[in-house]
Amino acid sequence: MSALELRAENLTVTRGGAAVLEGVSFRLHAGRALILRGPNGIGKTTLLRTLAGLQPAREGHVSMPPEAMAYAAHLDGIKAVLTVEENLRFWASVFETERVEEALDAFELKGLRTRPAGLLSAGQKRRLGLARLVVTGRPIWVLDEPTVSLDAAAVEMFGKVIRAHLAQGGMALLATHIELGLEEAERLELGPFKAVVKPDEHFDEAFL
Amino acid sequence: MSALELRAENLTVTRGGAAVLEGVSFRLHAGRALILRGPNGIGKTTLLRTLAGLQPAREGHVSMPPEAMAYAAHLDGIKAVLTVEENLRFWASVFETERVEEALDAFELKGLRTRPAGLLSAGQKRRLGLARLVVTGRPIWVLDEPTVSLDAAAVEMFGKVIRAHLAQGGMALLATHIELGLEEAERLELGPFKAVVKPDEHFDEAFL
Amino acid sequence: MASLWEYANPLKFMRTTERILPAVSALAALCLVGGLVWGFFFTPDDFRQGSTVKIFYIHVPSAMMAVNIWVMMLVTSLVWIIRRHHVSALAARAAAPIGAVMTVIALFTGAVWGQPMWGTWWAWDPRLTSFLILFLFYLGYIALWAAIEDDDTAADLTSVLCLVGSVFALLSRYAVNFWNQGLHQGASLSLDKEENVADVFWYPALVCIAGFILLFVALVIVRTNTEIRARRMRALLARERGADA
Amino acid sequence: MPDLGKYALEVLSAYGVSLVLIVGIVLLSVARSRRVRAELEAVEARRQRNG
Amino acid sequence: MIALLARDLRLAVRAGGGFGLGLSFFLIVVVLVPFGVGPETGLLSRIAPGVLWVAALLACLLSLDRIFALDYEDGSLDLLATSPLPLEGAAAVKALAHWLTTGLPLVLAAPVLALLMNLPWQGYAPLMLSLLLGTPALSVIGAFGAALTVGIKRGGLLLSLLVLPLYVPTLIFGADVARRGAEGQDFTTPLMMLAGISFGALALLPFASAAVLRVNLR
Amino acid sequence: MIALLARDLRLAVRAGGGFGLGLSFFLIVVVLVPFGVGPETGLLSRIAPGVLWVAALLACLLSLDRIFALDYEDGSLDLLATSPLPLEGAAAVKALAHWLTTGLPLVLAAPVLALLMNLPWQGYAPLMLSLLLGTPALSVIGAFGAALTVGIKRGGLLLSLLVLPLYVPTLIFGADVARRGAEGQDFTTPLMMLAGISFGALALLPFASAAVLRVNLR
């Protein structure tokens, strides 16, 4: 994995036409993780979607292209009628990798491989969604509240996978409200970047 | 309000064809509240839906008809394109009462009365959903996790409304995972009623 | 000389247009009333068509407007896609219902005219048919604007629809021509003098055409400015909500 | 009133319906313009007050 | 009841084109048919009554899934079921609202489209009469189908499959009235049958719909 | 790309009747028409090519909203957009999958239904040829419409309204091929036009679909 440093400079991200966060800058070295913190509605999801290339930033610059990132959010794109293995194989062939077995192993899904995903419990489903990350083979993981509905054992499993990814020189960017047990990760508090409405704005800018 | 006592005797409730809770019995006097407790998936929602008459109980008896109950769950049936007041007025005319103003007052929605409900924040929407209870004018309130996404001030508001309702001789049945600040309410732990699958069940009963 | 794009600033656009609006509306009213009164009361009947020629003064201008408004929407959509000036997208949105009404007028007056002339209210003549299709395009375009919450998304989607729709509208025009040869009059502005409508009928018609164009300009100004204000208001309300949260 | 002959109904209905449609869209546009203008002014005023 | 009706109508108007869309679909189908079968007016005027009826039926069909699905998804249906309104009444009112927003506009628009199809002039009254009598049946039958499929995601196509066969008798008699009318024949018999079907459906199906809804809410 | 195609086909098969439902709708519409216009075989055989084409078009239309909406709702579309697959390719493949599950079965079923409609024997080959050439265009045009309305709840009716006018040229030339074929005339000109439209749409519209999808994912 060739990524050495992810730099975001002076990003302004928007939602529904209105700026949500302004002037966000951070750096992330290979092998490190960054946790984004902030209250509900501050704009974590918006920032991550912008980094992943799903929406354009209004201003600012990101040093690595969206093609280096693997994005995972609340909706994990699991098809209920396909089995666990078929779901993973599909993404593996989209990303042209061969790491299905590794991913099944990492999240202890081997026993469930032939189970249609629709019959999984919420936690198992979430594990399958995270296993997709392994399969992408991309260096930067962009994760939005990854541990929702996981129990303690699964959270630990997730921590192990993240550490292994970092050890290989990958990076991870996580948004979360709860502790993940990744003490070594850096933290970025988003509160200070909240976009403020300037009172002297021009009328034509008020559209944006 | 004429209700004197709500008695449930030996209820068995089912979900997706399988018994979830068995032999649930409780009594609730006018002016009292009962909080149902239990882990995820134990069957709180199922029990409340059965009491509200949305699904039949497999066994057992409830002393009061569903017509005495006002049910409120996660989905609160709010129409995004109608204003706050129009939403409430609709339910008021369905339940043939005149208590719209009272309800708007109780949840501090007066300032929002002409706002289309689709533009409310999650917490405001929830308040509107609860305001509907006041409008029904029914004696027994059956509430499934009523305080989801409410902030502290709104939870207090809710407590006040519940107490006022009880003081008028109403009753309330609540399922919740978090504290509501209703110390005076009775509690019912549902764990012991969890349905067990009997090994000697007949084949044709196993269909049920 | 200031660039034309300055008028892409909403405030500047509104100021300028609202200054000229009274004049445009007055002129539009003058031309419309003048042309129609002239046409209706002071022109002779045609020796073949009788009094029905009077329908001409409404039919032709509205038919021309119906097509040209779509062209104008196509241009403003392109401007939005390329330069992302909000006024441009909003002008397209403002124009669409006017275009739809013009199409309805052309269709209705044509149908009423067809009854005495061709002995039928409606025939699947290529020109008439393509007008019907144009009407459907207007309907779809308006419905798409109405269905999408987010303004920029709606502007983008409707612009692409307008582009693709224009291509298919042209294709349909061609297909319809192929499908059925028609009854309808040829273009009267053609150079071939023989086919031209007599001058007595043309002068009032030209006044009416000018009236329809001016009416369209006035309406577009009013409606675009309304859309600008509505857009601004939604933005402000969204901010208020953001500040509350 | 000119003599419209046997086509009076056609001509009059064409003029009538067209005029109704034109006047209709003009009135609708103006009414909506007024309404939106007033609403926007209310919102702007609120903004001024609240800073 | 009236409140529910008023609400549904208001929702249809505000939610952008409850009225317009069914109507536009009707228009579109009627416009497409000449493109398919060719522009000959003689042929068109012969198939006009049938095509108009089939198009009206399809336009009804496509708006059916809104009858209950939206209320189911946002929980309104649960709340209605626990309200003092009898569910039968609610089902009937919702079918009525569907008729007012879809069926009635179709009836009113039919003459214009009949014009496009060159329907003979004596066919207009029977066409409108048959649609006026028949579309309420389409709405209640459709509401029953919508109640059956209310819990199914993207049940639209399934809904069509279930409902279309149920529409056959209404279609046969309705189109027959319109066709005989257009040909200047006597059409009392099919008209009586159509009226019978409509009243029967109106009287009985809301009960079936309510029963099915109760099952789906469980 | 192939993986996406395989997955879409598998989903269509497993999710209960991706194939069957479009086909049954086709069948039902074709069956309803004789109920509407009356059972005369001469008349039916004259309108057969047009009716079959219109019915095929409607059957295509009704399954369009599945092309992107399901993937949008469960987040797959976000993930696909961030994957190495170009979105243009994904849009094209999804249109292809729609054609394989809807268009192709329609082409294959058309002769059977043509029988029901008394199509003259020399009309079979042109009918199938025109459907074979035309249905791919219907699928890509439809995919464009589905991409436009992917973010809209219950966008089905709106989708129809947007897509049907775009279908007009395809329908005209396709039905013309089939009709001329049935009447034993020469049909090379409309066939060339149909092919032109199909290839043009196939070549260009996936780009428009992808652009529109990107806007909708923002």
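For reference, chains read A, B, C, D, E and F in written order, and residue numbers begin at 1 within each chain.
Just so we're on the same page, a contact is a pair of C-beta atoms (placed from the backbone, for glycine too) under 8 Å apart; a residue touches a chain by one contact, two chains touch by 3 or more.
What you see is a predicted model, and the numbers here were worked out from it, not measured in a lab.
Judged by contacting C-beta pairs, the busier of the interfaces A-F and A-C is A-F.
The chain with its C-alpha centre at the largest distance from the centre of subunit B is C. Taking each chain's centre as the mean of its C-alpha atoms, subunit A lies 37 Å from subunit B. Look at where the CA atoms of subunit B average out and do the same for subunit F: the two points lie 48 Å apart. One inter-chain figure worth recording: subunit C and subunit F are separated by 32 Å, centre to centre, where each centre is the mean of the chain's CA atoms. The residues of subunit A never reach two or more other chains; the list is empty. Multi-chain contact residues of subunit E, defined as those touching 2 or more other chains: 17, 21, 24, 28, 35, 38.
Within subunit C, the positions touching two or more other chains are listed as 133, 136, 139, 143, 147, 179, 232, 236-237, 245. Contact residues on subunit A toward subunit C in their complex (touch as defined above): 16-18, 41, 197, 202-204, 206-208.
Per the touch definition, subunit B reaches subunit E in the complex via residues 52-56, 66-67, 69-79, 81-82, 86, 89-91, 93-96, 132, 136. Listing the residues of subunit D that touch subunit C in their complex gives 1-8, 10-11, 13-15, 17-18, 21-22, 24-26, 29-30, 32-33, 36-37, 39-40, 43-44, 46-47.
Contact residues of subunit E toward subunit B in the complex are 2-4, 6-7, 10-11, 14-15, 71, 73-85, 217-218. Residues 144, 148-149, 151-152, 155, 158, 161-162, 164-166, 168-169, 172-173, 176, 189-190, 193, 197, 205, 208, 211-212, 215-216, 218 of subunit F are the ones touching subunit C in the complex.
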